[in-house]
Structure formats: structure tokens, C-alpha cells
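Please go over the structures that come below.
Next come two complexes, and both contain subunit A; in the first it sits with subunit B, in the second with subunit C.
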Partner chain A sequence: MVQNIIDVRNLSKSFYISSKEPGIKGTIKHFFRRKTKSLKVIKDISFEIKEGEIVGFLGANGAGKTTILKMLCGLIYPSEGSILVSGYLPFRRKENFLKNITLIMGQKQQLIWDLPPIESFYLNASIYDLDKFEAKKRIKKLSEMLEIDEELFIPVRKLSLGQRMKSELLAALIHEPNILFLDEPTLGLDINAQRNLRKFLQKYNKETNATICLTSHYMKDITSLCKRVICVHEGAISYDGKLDLLLKKLSPVKEILIVCRSEEDVIKLENSGFTVKNKIKNEITLKIENNSITSSLKTILNNFDIEDLFINEPPIDEVIGKVLIKKDYDIKFD
Partner chain B sequence: MNLKKYLKVYKKFLHTSLASELEYKTNILVDLITAILSLVGSIFLLSIFFQNNGYIGGWKFEQALIIQAIYTILNGITNTWFNPNLTEIVKHIREGTLDFVLLKPIDSQFFISLKKINPSGFLEIMLGFFLLLFCIRINQINLSFSFLSLSFITISCSICILYSLWFFISTTTIWFVKTWNAIEVLRSFLYIGRFPLNSFSFSLRVFFSIFIPIAFITTIPSEVFLGLSQLWKIVLEVIVASVFLITSRKFWLFALKFYSSASS
Partner chain C sequence: MLEYRVEIALWAISGIIPFFMLNIWTKNNLNELINISDVMLSRYFLCAFFVRQFSVVWVVFSFEEDSLMGKVSPYLIQPLNPFFRYFAQHLAEQITRFPFALIIAFFFFIFNPKSLWIPNLSILFLSIVSTFLSFLIQFLIQSIVACLCFWTEKASSIERLLFIPTLFLSGLLAPVVSFPAYVKTWIYLTPFPYLIDFPANLLSGNKTNIIGGLSMQILWIFLLFPLFRKIWSEGTKKYTAMGS
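Entry: the complex of A and B
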């Protein structure tokens, strides 16, 4: 049986924040008498993650995804509740715990700006107590997986964003951690660089059985990497489960575009009891529930003179978008 | 603590920061010229103060020059280690890159205090030592073992006090986010350390001994050089340095509990 590597129970986190009124008067007031209030950004959440799982954290900006990730890796103290990661209390930041994890942030970098990435790799290797031979072996292996070579010897400031991100990954993985926390790792990367990064993460997970916790606003990252997603809305978990189940629940119908040979057939189809989305000349778009798609198609093909037929899945961004604004779309699951 | 590992990491710190600095040759050259001009300017200023009377606070010019030499050494250490590292703490906290430091299996205070060096500060340290040797000669100081030991102890204590004060202020960034001004105030107080403590009024002497212990930083080591120091003062400096060092360490560990990391 696969062990739970992350166990979170009734976790909450509050921050003190100050607010300021606009204008000079507001600024002066803010300077002399700052109004602060406690804001609960994470509200009583619980979940477990098994070893080797890739879990995506979904949520709108400010939903609390990054705060959860930062509490999991021990950067921020929780206000209430408990977290166990690999058997450790993360906020104690014990040496053996830190050797087991890594955090990669798409918008922050740890590489030394004026030097080639290879210098940062060897510095990290010494921090993780790796000897030169072992470090060299790991750099070679990871650079092959990431498909970077010459870039290792070019100053970081002269690398493209994609090359820099690959180097950041290598720097963060040199100690071969078995839990990866990734906060928007593909932020700002072009389509090819995003694809390569996803490919690498899949390969790394497969080869090392590492657990990956990922936040991203690019749906492609989530759909191609994560089987399971945890949706966070205003600090609370609104869904925790399989991604395909979420998609099915959020999008129970498919759209079928039918091109008929004549306009008469279009009228016949319109009056045959299906839900019509729209019709233009000899084309008609029907909305059919997922669970009756096979029988409906059979009926259509047997009874109508069809020239062509297209089944359209609703765009995933649109579907997931519904999760991010729970006010407009309340998710109810069994 | 694994000493061997820390030495290995420090060797890497030296290597990477030297390599980074050497990327900008002109900057190093400008820093070197600035260090020389700054020392010449300070000695010139000191000589003007001594022109009328020959004595300030009971100190002769040749004796006061020792304070200048110790100040130059300490300023060199400040520019070599404290300035590039401790001012960076503010940046680490504001931009949230402290996250990377805290997630490394190494002491975070060690990492942020020693990661960088500014090689041009070395010249200042060397100039300070040359000036000190010159002072030893003109003041006809006898270089005995006890003298060297006491000098080493008092200068080390001065470094610890200076580091702790600076580190303490930088740590408050965790709550206040911007503390540049406080560090600038500390630096300007350090300029006062170029003059003998006795040259100030009683109230200022108390202030610079108790609240901001500038007196301990330059005057006591200088008194050791001139054989004027009393044992209680040296013991007191050791105690003050230890208290400052321990407090700054405890304060850092306490402050980390309030670190909320920058938002992404």
C-alpha cells in the first residue's frame, strides 16, 4: 500500500494586514495610525497526498495556494492545525527534512546572476554535502534530462527565460529530493519551453517516484501532469479529487455540430427532442449529456442524412474557470 | 554543526562571490581608489583637529592615529563582509528570496552573513594594518605576546559588536520591511568611532558606551595598543560582545517565526 507522504489536518493560517485609504490624507493617517486586522487566509483545510502522486492546486489569485505550499515546505508557521511531511513537522526545518524537499518558484530565482549556472550548482552541491564526483554525475544526468548543455557555462543574466528556468530546476533538484513543491513553474515561458518542462517533470516523477505539488494558472500544466487536483477558494478546499471527475461534473454535456445534407433535416433534428444550441443554414449544434452520447449519436446517424459530424469538448480553461469563481458556480459532489 | 561542511561551503562562497565581483573590473578599480582617498582624507581631517592644541581628550595625534587605523580595519571588514551581505537581508525579505535560504540544509544566519564578499574591502583592511604598524613604530609600542593577544581579543570583540548591531537592525526588516535608514544611522555613528571617546562630553560618552557601544568598537582596542587600558574594560568588552552576539542570534531565530515570505 502506498504511504501518505503529506498529511494535513485542520490547517489554518492568519496574517495581519494593514489597509490604507487613498490620497495624501489617507497616507498621513496610515503613517501615524496604521489599521491592521487579522485575515484568515487558510481556513481549516485537511488533505493527504500519497508518495509519488502529482497533485495540482487550483484557485484564483489570492485563493491561498502559495500559502499552502509555503506551509508544506516549512517557510511559514501555521496558525492552527497540523502538517506532517515525510514524517517531519515542516516549520522545524530539520536538516534531513530539507534534504528531502525542494521549492521551485517561477517568479523567483536562486541562481547567481553574474555567473554561469554551473557555479550555482556546485555551490548547492556543497550545501547539500555532495562530493565533487557525485555532483558532477548528477549535473550530467539532470542536464541530459533537461536538454541543456552549453547554457551551463553562460552567465545567467545572458540566458533566455526558458534556459534560466531549466537551470533553476537543475539547481533545485541537484540533491535529488523526493518531494517537489512547484509554484507556477511555467510562468512566462513560451509554449515549447512549457511543454519541455512538463515532459521533464513527468519523466522525473516516473524515474524517481517523487511526489509533486504544483500550482499553475496554465491549465495545460494541470491537465498533462495531474490526475488529482485540490481546488482552493478563499482559503478553503472546494474540491479534492480526480481531475477527470471534476471535468465531467463541471461539464456534463458535449456539443455536437452536425452538418446535414439539406435544411429539411435540420428542421427535423430541431423538432426531434434534442437541446439545440444554435443553427445556421444546414448546420445545427446540439447539446447532449455525456451519459447519453452513444445512444443519441446512434439515433441521429440512423434517422438523418448526415454529411459531417463534430464532437466538441468545452474548452478546459472555461470549465476550470468555473471552479475559480465559486460564487458563480457552486460545486456539489457526492 | 559539521565544521568540515561549513568550511567547504565558505570556500565556495569565496569563490563564487570573487568570480561575480571580478566580472566588473572597473567597479573594483573605483572601489580601490575610493578606499585610498577615503583614508587619506580621514588622516588629513584628523590632522586639522590636532593643529591648534596638539591634544584632543588627552590623546596626541600619533595616538589618535591608532584609532583611525583600527577604524580603517573595521571599516574594511564592514565593506568586505557586512555591507554586501547584511544589506542584502533587506532585499531577501522584501523580494521573498529568503525562502531559498531557509530551505537549504545549512544555518541561515551563516548563509546570509557570509555568502558574499567585496574584494575591494581587503585593500582597506590592508591599509588599516599598514597604518597600525606605522603607529606601533611612531608610538614605540613593545610587541609582547600579551599585547598581541589582548589586541586580537579586543579587535575580535569589536567586530562581533559591529556585526551584531548591524545584523540586529537588518533582522527587524522581517517586521518593518524597510530599514535602510537605520543602517545608515548606524554607519554614521561609526564615523564617530574615529575619534577618542574622551573627546566627547560626558552625556555623549554614556550614550556611545551604553546605547550604541561605539566606544567599545575603537577606543578600547586603541587603549590596549597604547597600554592605557584597564583589565575591567577589556573584560567588559568581551561580555558586551558575547551578549550582543548571542542576542542577535536569538533575535534572528525569534524573528524567523514571523517571516511571512513575499507574496508571489
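Entry: the complex of A and C
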């Protein structure tokens, strides 16, 4: 049986924030009588993650995804509740815990700006107590996986964003962590670089059985990497489960565009009991429920003279978008 | 690479306050008031320059910027206190300053040939130790102030307040011996005279209590280090990882 590597119980986090009115009057008022209030950004959440799982955290901006990741890796202190990651309390930042994890934040870098990445790799290797031989071996292995070579010897400030991101990943993975916290790892990367990064993460997960917690606004990252997603809405979990179940629940119908040979067939189709979305000349778009798609298609192909047929999945961004904007979305699965 | 070399040279030159002060002191014959010869005063200010070059600390500014920009976050989840990075940066920069400081000393002796002297090896060794201890004290003081970033976000403003006593009481502008006796008693209870005055007097061959000075430096390190540990441990609980 696969063990839980992350166990979160009734976790909450509050921040104190102060507000200031504009202008000199507001500044003076702010100086002498500052208005502060406590803002609860994470509200009593609980979940577990199993070893080797890749879990995507979905949510709108400010929903609390990054705050959850920051608490899981021990960067910030929780206000209430408990977190156990690999058997450790993350905020205590014990050496053995830190040697087991890594955090990668898109656009935030740990590489030394003016030096080639290789220098940062060896520095990180020393921090994680790796000897030079072992460090060299791991740099070689990871650079092959990431397909970087000459870039290792060029100052970081002269690298492209994609090359820099790959180098960041190498620096963050040199100690071969078991748990990866990735906050928007593909932010700002072009499509090819995004795809390569996803391929790398899949390969790393497969080879090392590492657990990956990921946040991303690119749905392709989520769909190609994560079987399970946790949707966060205003600091609370609105869904925790399989991604395909969520998609089925949120989009129970498919749209089928049928191009008929004659307008007569279009009229016949319109009157045959299907739900029609729209109709233009000899083209008609029907909405058919997922569970009856095979039988409906059989009926259509047997009884009508069809020239062409297209099955359209609703765009995933649109579907997931529904979860992100709706509070208390009724998504309950067993 | 040219810009880096120029930058390093400028750092070295920017620390030449002691030479300006030497000029003011000798032009006004102020050294006669404290019974120090011109030669010994020249050596004192040259040594103050050297000690300053190898003990100057700016960790509060680096940490404040990194903390506010969220750059500290990746360092915090590594099994090494981020202040070790800043410590290593300071040491590396001190090494790069060394040749430039030597060049400045060379020109100093050309213009003040009477001041030329070679300290004996044991004094040189003790001066290096004392300068390093001075660096440690300043690094710890600034690190403690830097940790206030977790509460105030603008810790460098507090550091500026500390800069005033550091400037006046450390011996950078005047040897501490020139202060009135009742003021000196109080000054020697603070860490400031052990930052520049003590190591500079030691290296220049002026009369100084070597064991007393080194003991006070070590005492301040022993007092400041646990304070730093405590404030660091409390501060990281307040860290909000803003900017990331």
C-alpha cells in the first residue's frame, strides 16, 4: 500500500495587512493610527498526498495555492492546523527534511546572476553535502535529461528564459529530492519549452517516484501531468479528486458538428429529437450527452447522408474556469 | 569584466575617509593634543583604512532587498542558513579588495615615506585576527538588524541610526584616545571601539591592551551570536515570502 507522504489537517493561515488612504492626510493617518486587519487566506483545509503522486493545485489568482505550497515546504508558518511532510513538521526546517524537498518558483531564481549555472550547481552540491564526483555525475545525468550542455558555462544573465528555467530545475534537483513543489514552473516559457519541461517532469517522476505538487495557470501543464487536482477557491478546497471525473462532471455533453449532403437531412436531423445548438445551411451542431455518444452517432450515421462529422470537446480552460470562479461549487464524488 | 574591476577599485577608494581625517588632523596639529607623533598618527589612519577595508559589512542592505523581493525564499529551504551566503560573499569581496588596498598603501608610503614600517609577525597575526573579529562583530550586529526585516520591512533605516555611533565611536574619524576620559570609559563598554580603533592601534604599533581588546571582541561575539540566533528563529516564523 502506498504511504501518504503529505498529510494536512485543518490548516489555516492568516496574514495581517494594513491599508492606507491616498494623499498626505492618508499618510499621516497611516503613520499615527495604522489600520490593520487579519485576513484569513487559507481556511481550514485538509488533504493527503500519496508518495509518487502528481497533484495539481488549481485556483484563480489570490485563491491561496501558492500559500499552501509555501506552508508545505516550510517557508511560512501556519496559523492553525497541522502539516506533516515526509514525517516532518515543515516549518521546523530540519536538515533531513530540507534535503528531501525542493521548491521551484517560476521567474524567481536561485542561480547566481553573474556566474555560469555550473558554479551554482557545485555550490548547491556542497550545501547538500555531495562530493565533487557525485555532483559531477548528477549534473551530467540531469543536464542530459534536460537537454542542456553549453548553457552550463555561460553566465546566467546571458541565458534565455527557457535555458535559465532548465538550469533552475537542475540546481533545484541536484540533491535528488523526493518531493517537488513547483509554483508556476512554466510561467513565461514558449510552447516548446513548456512541453520539454513537462516531459522532463514526467520522466523524473517515473524514474525517481518523486511526489510533485504543482500550481499552474496553463491547463496543459495540469492535464498532461496531473491525474489528481485540488481546486482552491478563496482559501478553501472546492474539489479534491481525479481530473477526468471533474471534467466529466463539469462538461457532461459533447458538441457534434455534422455536415450533411443536403439541407433536407439537416431538417430531418433537427426534428429527430436531438438537442440542436445551431444550424447554418447544411451544417448542424448537436449537443449529445457523454454517456449516449456512441449510440447517437450510430443512429446518425445509419439514417442520414453525412458528408463530414466533427466531435468537439469543450475547451478545458473554459471548463476549469467554471471551478475557479464559482464559490462552493457542488462537485461531490466518492 | 572591466566593469567589475573598476567597481572593485571604486569600493577600495570609497573607504578612504581615514586619509581625509589624517589630513584634517595633521593640518590642524590636533595630534599634539593627544601626544601622538605625526608618524604614528599617519600609521594609525592607514591601519584604520586597512581594517575598514576588511571589516566593512553591508549584509543588512543585501538581506533587506532579497527579503522584500522574495529572493530569500529558495535559500530558506536549503539546509544552510542564508546568512552563510552573505558571509561568504563578504569574504570573497574582501579578497578581491586586497590588491587594491595594497596599491593605495604603496602610494600612501610614497607620499609619507617616514610612515613606512613593517610590523613584526606576531603583531601582524594578531591584527589579522582582531580585524576578522571586528568583521564578525559588525556582521552579527548588521545581521540582527537585518532580521528586523521580518517585522519592519525597512531594517536599513535602523542600520542608519547605528551608523552614527559607528562612525564617531569606532575610531574611523578620530582615535578613541582623543575623547575625554569620562566619555572613553563609556565608549569602551560598547562594541564600537573594537571595530576599528583597537585593531588599527594594534597594527600600527600604538600602545594598546592586546589581551583586553581581543577579550572584549570575543565577548561581544559571544553576546551577539545567541541574540542573532533567537531573532532569526522568531523572525522566520513571521516570514511571509512576499514578492514570490
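Some points to look at:
Simple rule for what comes next: the second predicted complex is superposed on the first by the 319 of 334 C-alpha atoms of A that agree within 3 Å, B and C clash if a C-alpha of one lies under 4 Å from a C-alpha of the other, contacts with A are read in each partner's own complex, and residues count from 1 in each chain.
Going forward, a residue touches a chain if its C-beta (ideal position, glycine included) is under 8 Å from a C-beta of that chain, and two chains touch if they have at least 3 such contacts.
Owing to the predicted nature of the structure, the values given are computational and were not obtained by experimental measurement.
Contacts of A:Phe274 after superposition: neither subunit B nor subunit C is touched. Set against each other, subunit B and subunit C touch different numbers of residues in subunit A, with B touching more.
Contacts of A:Pro155 after superposition: subunit B is touched, whereas subunit C is not reached. Contacts of A:Tyr77 after superposition: both subunit B and subunit C are touched. When the shared chain is aligned, no partner comes close enough to touch A:Tyr218: not subunit B, not subunit C. Contacts of A:Glu184 after superposition: subunit B is touched, whereas subunit C is not reached. In the superposed model, A:Phe47 makes contact with neither subunit B nor subunit C. Once the two complexes are laid over each other on the shared chain, residue contacts for A:Leu115 go to subunit B alone; subunit C is not touched. Overlap of the subunit B and subunit C contact sets on subunit A: residues 15, 66, 70, 73-77, 93, 95, 98-99, 101-103, 105, 108-110, 124, 127-128. Residues 2, 5, 8-9, 11-13, 15-16, 19-20, 23-24, 95-97, 99-100, 102-106, 257, 259-261, 263-264 of subunit B are the ones that touch subunit A when the two sit in their complex. Interface residues of subunit C facing subunit A in the complex, by the touch rule stated above, are 70-71, 73-80, 236-241, 244.
Subunit A makes touch with subunit C in their complex at residues 15, 66, 70, 73-77, 91, 93, 95, 98-99, 101-103, 105, 108-110, 124, 127-128, 172. Across the interface of their complex, subunit B is touched by residues 15, 66, 70, 73-77, 93, 95-96, 98-99, 101-103, 105, 107-110, 112-115, 119-120, 122-124, 126-129, 155, 183-184 of subunit A.
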